[in-house]
Amino acid sequence: MSLLGLTSQLLEIMAALLLAPLLTGWVNQCRAWLQNRSAPGLLQPYRVLHKLFHKDSVVAERASPLFLGAPYIVFGCMVLACAIVPTLSTDLPLAPAADAIALVGLFALARVFISLAAMDVGTSFGTLGARREMLVGFLAEPALLMVLFSASMISKSTSLTTIVETLGHRELAIHPSLAFAGVAFTIVSLAENARIPVDNPATHLELTMIHEALILEYSGRHLALVEWAASLKLFAYSCIGLALFFPWGVAEAHAPLELLLALPVLVLKLAIGGVLLALLETVSAKMRIFRVPEFLATAFLLAVIGLLVHILLEV
Amino acid sequence: MSALLAVLGVPLLGAAVLALVGHRPFARDVNVGFSLGTFVAASVLTAEVIAQGPQFAWGQEFYIDPLNVFLVALTAFVGLTTAIFSRPYMRVEQDHGKMTPPRLRLYHGMYQLFSFTMLVALTTNNLGILWVAMEVATLTTVLLVSVYRTAASLEAAWKYFILCGVGIAQALFGTVLLYMAAEKVLGLEGGALLWTNLDSVKTQLDPNIIALAFAFLFIGYGTKVGLVPLHNWLPDAHAEGPTPVSAVLSGLLLNVALYAVLRCKVLTDAALQSALAGQLLMGFGLLSVVVAAFFLSRQKDVKRMFAYSSIEHMGLIAFAFGLGGPIANYAGLLHMTVHSLIKSAIFFAVGHAAQKAGSQLMEDIRGLIKVSPTIAWGLMLGSLAILGMPPFGVFASEFLILTTAMRQQPWATPLLLLALGVAFASVFRRVLPMVFGETTLKPLPHAPALLPVFVHLALGLMLGIYIPPYLDAWYVQAARMLGG
Amino acid sequence: MDEHVAPLINLFAAGILMLAFAMLSQRRILTLIHLFTLQGAALVAATVIVGYVTHQSHLYVSAGLTLALKVILIPWLLHRVIDRLNVRWDVETLINIPTTMLIGIVLVVFAFNLALPIAQFSSSIARGTLGIALACVMLSFMMMITRSKAVPQVIGFLSMENGLFFAATSATYGMPMVVELGIALDVLVGMLILGVFMFQIREQFDSLDISHLEKLKED
Amino acid sequence: MTAISSWIHLDWMLLVVAGWLLIGIVGVIALRRFELVASVLFPAGGLLGAALFGVAASALFAGPQVAVLALGLPGLPFHLRLDSLSAFFLMVIAGAAAGVSAFATGYFRKGEGTPPGLLCLEYHVFLASMALVVLADDAYFFMVTWETMALSSFFLVIANHRIPEIRRAGYLYLLVAHIGAIGILLCFGVLQADTGDYTFANMRAQQLAPFWASTAFLLALFGFGAKAGVVPLHVWLPEAHPAAPSPVSALMSGVMLKTAVYGVLRVCFDLLHVQLWWWGVVMLAVGLATALFGVVFAAAQVDMKRLLAYSSIENIGLLFAGIGLAVLFSAYGMHPLAALALTAALYHVASHAFFKSLLFIGTGAVLHATGERSLGKLGGLVRTMPWVAWMTLVGVLASAGLPPLGGFVAEWLLLQSFLLTPGLPSSFLNMLIPIVAALIALVAALSGYVMVKFFGVIFLGQPREHKLLEAHDAGTAERVGMLWLVAGCVALGLLPTLFIGLIDPVTKQLVAAGLGSTVAASGWLLVPASVERASYGPVLFLLGVATSFALTYLLVRRFYHGRLRRSAPWDCGFQWQTARMQDTAEGFGQPIRQIFEPFFRMQRELPSPFDEQPRYRVSVGDHVWHRIYLPIGAAVEYASKLIGLLQRGRIGTYLLYSFVTLIAVLLVVRP
């Protein structure tokens, strides 16, 4: 629990909290440009959050305390997730609390709570959203686990910090298993963050919405927290992607100087990632809900094949 | 010596007395009195044998040793409890008009005569007298089975007489051959029919004659034991007679017949120096277990179902004795005891249940537990015990049989597993709705005598959990005598 | 004296076998009873001769007993039953007579073949009779199987008893007295009970055909 | 009796068992007196359970203790042995039993079918026999207690026997249990290797040839699998558990299935000393098939107790897979990895016992309050039954395997044991490992789906029946029982190092290696090998989420405001919402039925366009029942019809049988 470790941990959490809405804003802007519409301002997400925090929170009469507590729990989980994934440095005191499997468990906990909250008020949209969220969840979670497994097979450990260190220092060896894992990971992150092929974040159309249906009943500060948690989740997923597939530029434990350098590198990588995500979204169209299981099943199989390839070729 | 006199004398006297006074209302109590006398005498005899070991009586005509003394005690005990059970049962039958005074007289007289013949068959040392006693036992039970004079009981009695008569005739031929072989060794006046003489000289007997003799004896007494190809008379006889008769038939007569087969097996094993007798017993035993199990599932009549269950258990006991070896013999003897106790208890409970429902068809007996919990629990615990659920004694012997069979005759165990499973499925599927569920029954006029049922179940439970040392010493001695 | 006694016993043994064969193939009930009586007489004669040769006094007693039972009492009883139940019809069999005869011959051959190894050792003068006794038992067994009426079945049963009795006397110079008495008593009481049953069957089904006795079966 | 002070743990345990039996007998005497049974006997049973829990925990570290009872067959008195394996399972049994007994005091308020005194007897005989099964040290005593357990639970299952379905369920249950027991009996027959000595000590000393050892293993797998509910033999479980009164189904699901797992461990590791590797592969295959089958069927159920019964099948599948992995590793001599897999399995035994009992008594409280069991008639109970709802939520989170609670730790350990494999000797097995890991991850995720459906449809949303509004919350006794089990789940979740320390002696006894030392060194963090390799700190995890929860709550209150207004639910502006507009249980399970179509045997009744009252009905059947059990039943019927021809009633044919047998025997005997 060195002082440096503490500062890097706090820095990382603050960076996550601040950069997440920025990343979402940036992706929306890129999408607007690609569809040649005039884009809302880069800081639009912050203004939305500020406005929502100010408004009263209107809640249904029959909502139970679970409904009121869920946003805080989901937000807390996402903050912990961002704290665990080594984005700026690998010297994180909170890291031993959860390794790769616990991270997947954390996302599962958040998903279960948001689904239960959606079912609490008892409207048709809430239960519909919960069912679809769990459907996407039960296929995406094992795929994500398999992706993390192939990475940890290479680095002989499941703790994220060790994975980043080992992948970061290896010479530029191309791991075929990581290639499979990469494709699988992109599919999973698209599904988990409710991006276009699986669910359209911007729409309220009953037939297609999954994430929006969950948070239909929320308003005021609860909606703000849930929106912020969603952008935090996107931020966490992109950090995981960067950590597994582009780990260079993350500060080591013993080098305080690199900490300062790591921030701009992270911002640059995220910007490129945002552009790629926007490009991917404008290219693909929304899938019918019952094509999503096949889509995620391919991700799951790709991840397992990655694992097999690792065992066959690399060990 | 005097104890044996009492054991045989009391039932004979009882038969005579009841022949005169059998039709009177107090005849039921006289019957219980005589059975009680026999039981007391039998227990005195048993105490003597335990104390002083095997003993002769009347110049070697009667011989008591550990093997037959526990059967004598068992016969006397079950005879007593059946007499107690038949008191209320016969009173209800009289109210229903199925038993008239003359029939009652016949019933009581024959009942005592039947227990006399069984005791003679068990204690005699002379194989000829053993055959005669078995023949008279058949005759008495034929009359007992046909006591109701209905078409079905008549048919059952006729078949019983013809089939068992023919069977026992084979046994006579076997005895003649045995006598012939023994006469060659012991000379003309050597008392060639006395089992003890035969036993002392059994290794010098001519193997060819003894093999043929055992074949006839096995088929003869096997018919009385009810082994499968020869079993056809058993279900009709046990189902059509009055329930006390079925209880005594299923509980005791089958044991006496198997005892006779065992006596001959001891001689044959020594004479042939090969396991032919054991293999025959095992083969027919296994066939009986499997075939009887499959008979069980289509039964409509409750007493007929439990008659088939008797065939299955006698098959299992025969298989155990066929296996040979100290543990298997021990298990066979234990299974014999527990089977008679539990099977007679079941027949008592079934008797009362059938009387309540007015019919023996299982569809008419429903939801006993609401009308009279004691009969219901008697029937449920009894059928669970007979199906080999621990902690009852039947499971103890099945445990020993199956585990020894697993290593000595592994090919037999899948068949046993199949048979026991099918038997459990069929019997329990019928008993469960009889005991639990909705009911249409009406209460009995007279209080049912359920003391015998629960005494038997308690003894069965005791034999499953704790076997008293002296009883165990008995079984071990008897098992060693059977060539363990 | 002994040398020409053995053929005499063999003669009677052959007689008993012939009568068993005749009964197997007989259609009419009255002649069936007469044949049974003849068989009883042959048995009595054989027992007397064996008793005379082996100086066994108790064999005379059992011969007398058999005479009283198998030759006088039981045939009289059967005649009474037939008169009271006015049974006059012919005895139809399940399978036709020639096939039963054929089977009978096969059984006799089998019985002889079976008894052969034992015959050499038997000390008694009548060695071959054991095979004949066994053959007679088997034939009467066959007769019981093929007959479909109560009376012929009873006669088959009794002729089987004759065969057994003959085996007892010929193969082993007779069993001990008390056993002989017991067997005779059994046969007598058995006969009484069967007679009573026949009356009841007749009264229950007003016919002695065994096909009525087929209701107790697995459906 | 030796002085009380010098009593060893085994004597205290026998005292507790005797106490249970005494309570049972007192119950029978006071047959119809509800208040005595409910307020005195059941709590006493619960206290005894708690006492046994303490004794078992302390006995874990004491060396093996042996005792002999005077009962039993003469040559074979009842042997008892308390080693760490039996102490651990006794702890699990006693812990769950204490909570369930406390709940049962409130539950058996009104007499159902059988008088409460009789229920009390059967209940306590059931507890006593489970405790003795784990202590038995010879084949005969084991079989006696094993089937007494089956018998007493059978009588409990048909407590209200007026309903035909319950009788049918009870019949099926006892039939499969009996056939399984015969299988186990034959396995002991093989193990005694013809020595005639049935004590486990003798069986341990036998060196069996591989053929006999494999037959013993397969028989044991069949016998114990029948009791555990492994896939082809599972048909009785979804019938029997829902039919039983809730505390009994809690005990049966949470605890009785563990005795089957104990049996497999005792035979595989203790008596057979694990010789062949393919045993592990067989168990893995069977375990995974059971797990996937169980969870997929759980998702498609509409009766809450059947849903939990199928979820028990799934957890048993995971247990068998964990044990299979441990067998595989120990067959190759990789003892530390076998210890890790075994610790995962044993940890899952403990956590499943607690959370499944909690869920079942939760449904018991709901059934007690509303009288409804089908999910289509429940809903919105979180408002009328808050206590039950929140405690069941803890059970739901644990069952779904979510991080801070016990379910996740077992799953984490199991997945770790896959990852830390340096590589098994045969390449085929190396291929196997990732596929098995993938399936386990899929099953874990699906169990989350099932639990959200279970909790959401019962407790959340609008009440689907009017009478649900008057549902009363659980009584104090019931709350105490549930709180004990909740404490168990939370403790198992947050203090893994403590419980792995308890499991350590068991794995040392079975596979001569343990996790205790490495785990103890790292204090709060659960570190199976080293921090760099893998670590999971549940307390740190919970602290992280809790502090961020509190911080956001305070900061929002500080910087903005906490105003809250209640109004009608938004629902995109649609005012006339009714309870029928929510998702039903069938609806929630529909995606799973669509994706895993081949698993189910579905009959759909679709209305034709001309129906006046169009009815849509789908019945979800079980292939195993129609493909295996019904044909067997038909075969037995056909065979018995054939054999019935033997008894056609003609005396001539009977004589012919006797004649032919005579000839046959004579031919056989002919010199």
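By letter and in written order, the chains are A, B, C and D; residue numbering begins at 1 in each of them.
Please note the rule applied: a contact is a pair of C-beta atoms (placed from the backbone, for glycine too) under 8 Å apart; a residue touches a chain by one contact, two chains touch by 3 or more.
Quick caveat, the model's predicted, so the values are computed rather than measured.
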Note to self: most contacts are between A-D
When centres are defined as mean Cα positions, the distance from subunit A to subunit D in whole Å is 36
Dist(centroid_CA(subunit A), centroid_CA(subunit C)) in Å evaluates to 101
Rounded to the nearest Å, the gap between Cα centres of subunit B and subunit D is 44
Taking each chain's mean CA coordinate, subunit B and subunit C are separated, in whole Å, by 31
Where subunit B touches two or more other chains simultaneously, the residues are 158-159, 162, 166, 170, 208, 212, 235, 295, 298
Flagged in subunit D as touching 2+ other chains are 644, 646-647, 651, 655, 662, 666, 670-671
Contacting chain pairs, sorted by label, are A-D, B-C, B-D, C-D
So, in the complex, the side of subunit B touching subunit C is made of residues 126, 128-129, 131-132, 135-136, 139, 142-143, 146, 149, 151-152, 154-159, 161-162, 165-166, 169-170, 172-173, 175-177, 179-180, 183-184, 188, 193, 206, 208-209, 212, 235-236, 239-240, 295, 298, 300
Subunit D residues touching subunit A in their complex are 379-380, 382-383, 389, 393, 397, 400-404, 408, 411-412, 415-416, 418-419, 423, 430-431, 433-435, 437-438, 441-442, 444-446, 448-449, 451-453, 455-457, 460-462, 525, 527, 531-537, 540-541, 544-549, 552-553, 556, 559-561, 563-572, 577, 579, 581-583, 587-588, 590-591, 594-595
In the complex, the residues of subunit B that touch subunit D are 158-159, 162-163, 166-167, 170, 207-208, 211-212, 214-216, 218-219, 223, 229-230, 232-233, 235, 276, 280, 291, 294-298, 326-327, 369, 384, 387-391, 395-396, 399-400, 402-408, 413, 417, 420-422, 424-426, 428-429, 432-433, 436-438, 464-467, 469, 472
Per the touch rule above, subunit C residues touching subunit D in the complex are 94, 110, 114, 117, 138, 141-142, 144-148, 153, 210-211, 213-219
Residue set of subunit C touching subunit B in the complex reads 114, 117-118, 121-123, 130, 133-134, 137, 141, 144, 150, 153, 157, 160-161, 164, 167-168, 171-173, 175-176, 178-179, 182-183, 185-186, 189-190, 193-194, 197, 200-201, 204-205, 212-216, 218-219
